[in-house]
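Should a chain be cited, it is by its letter among A, B, C, D and E, assigned in written order, with residues numbered from 1 in that chain.
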């Protein structure tokens, strides 16, 4: 899983049947200091009621299908309250 | 899932049996500002009637097999109408 | 599998049901000389009782679901006592 | 899927039982202008009769197992005749 | 699959039950000219009797679970005798 910030949402009228009704959020991964990475934004299905600006936990895997019958490779599986770091 | 633009198509006479009849589109990932990334173009099976120049949602996962019996690791699963961004 | 160091933990009240009760550790991959890589930290479910500062073995795969019914794409599957290297 | 060129082959006497009899080709990914990327070469099982110098379509996924009982994570699934590009 | 060299091994007393008895080798990917890449070393389960210094074929996929009930995402599936390259 990785840590990301919700920065937008995707509107797609024409989509695979299994995605109908899913909220598709644009996320951008952040590092442990909550800075954006250089990588492209990605799109994840929301499973926990996440919204704009939330720091979230994103799962990238096909177990999503087996566990939740989610027809997507990426889902927001948690809203992060706090990241507790030890001194490096 | 990631966001990409359809930039071409692949013609392959000799291919795995399960790919026969599939439209194979060349896609290039774009960032949240719709600029092309440095990464190589990829090839995805079209599931939603996408065409040249469309901004699309691409799923990269094996759940595609379980959900749609799609014998490929990558598919276009949505045509994006709009990406709504919050101010960073 | 890759080698990482546990550098923090994630607190998430709102999360997918299957993650409730899991310890979610922040890990950062290290190289064979135990130096941190440039990559972002990631989040893994702990399966072996790992704690802050431990050098751990991380599995990134969906076989975790089939083997352990773990509803996550990444898990700590070992605590590393020693890495024995040959001269390069 | 990605686009690659076949640049070699691997000889391995000692290998997992399920790989016995498979042709193991060394491939290197190319971009949409057919230039080699900086990335390392990879090894894929040939499913379509590909040979040295061919431009091929490579699938990287575990659906290969479910679809073709292929005990490998990467396979050549098409020989590309032509890549038709639109003007960028 | 990718090509790597075995450069060490991991000792982990505390590990997931399914890994008990597996030989855990540290590998570092190499390119087609057998030079080490910049990437971090990784850890793979040995399935073919590989040892220090061997050039090996590594499979990274969950089909390992389905094919061999291997509870890991990465395994050494061949010892490479020779890489036959065509002139680029």
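The criterion applied here is as follows: a residue touches a chain if its C-beta (ideal position, glycine included) is under 8 Å from a C-beta of that chain, and two chains touch if they have at least 3 such contacts.
Keep in mind the model is a prediction, meaning the values are calculated, not measured.
Undergrad: Give me the step distance from chain A to chain E, shortest route via touching chains only.
TA: 2
Undergrad: In terms of touching chains, how many steps apart are chain A and chain C, taking the shortest path?
TA: Steps on the shortest route: 1.
Undergrad: How would the chain D/chain E interface be labelled, same or different, where same requires over half of its residue numbers to be shared?
TA: At the contact between chain D and chain E, which are copies of one sequence, the residues are largely different (under half shared).
Undergrad: Using mean C-alpha positions as chain centres, tell me how far chain A is from chain B in Å, no decimals.
TA: About 19 Å, centre to centre.
Undergrad: Taking each chain's centre as the mean of its CA atoms, how far is chain B from chain C in angstrom?
TA: 31
Undergrad: Which residue numbers or ranges of chain D touch two or more of the other chains?
TA: Where chain D meets two or more other chains at a single residue, that happens at 61-62, 66.
Undergrad: Should the pattern of chain-chain touching be classed as line, ring, star, complete or other?
TA: It is a ring, because the chains touch in a row that closes back on itself.
Undergrad: Starting from chain A and stepping next to chain B, in what order do the chains sit around the ring?
TA: If we begin at chain A and move toward chain B, the chains come in the order A, B, D, E, C.
Undergrad: Going by the contact rule at the top, pick out the chain E residues touching chain D in the complex.
TA: 1-3, 29-32, 37, 47-49, 57, 59-63, 66-68, 75, 77-86, 88
Undergrad: For a test of understanding, state which residues of chain A touch chain B in their complex under the given definition.
TA: Per the touch definition, chain A meets chain B at residues 7-16, 18-19, 24, 26, 28, 36, 40-44, 52-53, 61-62, 64-66, 70-74.
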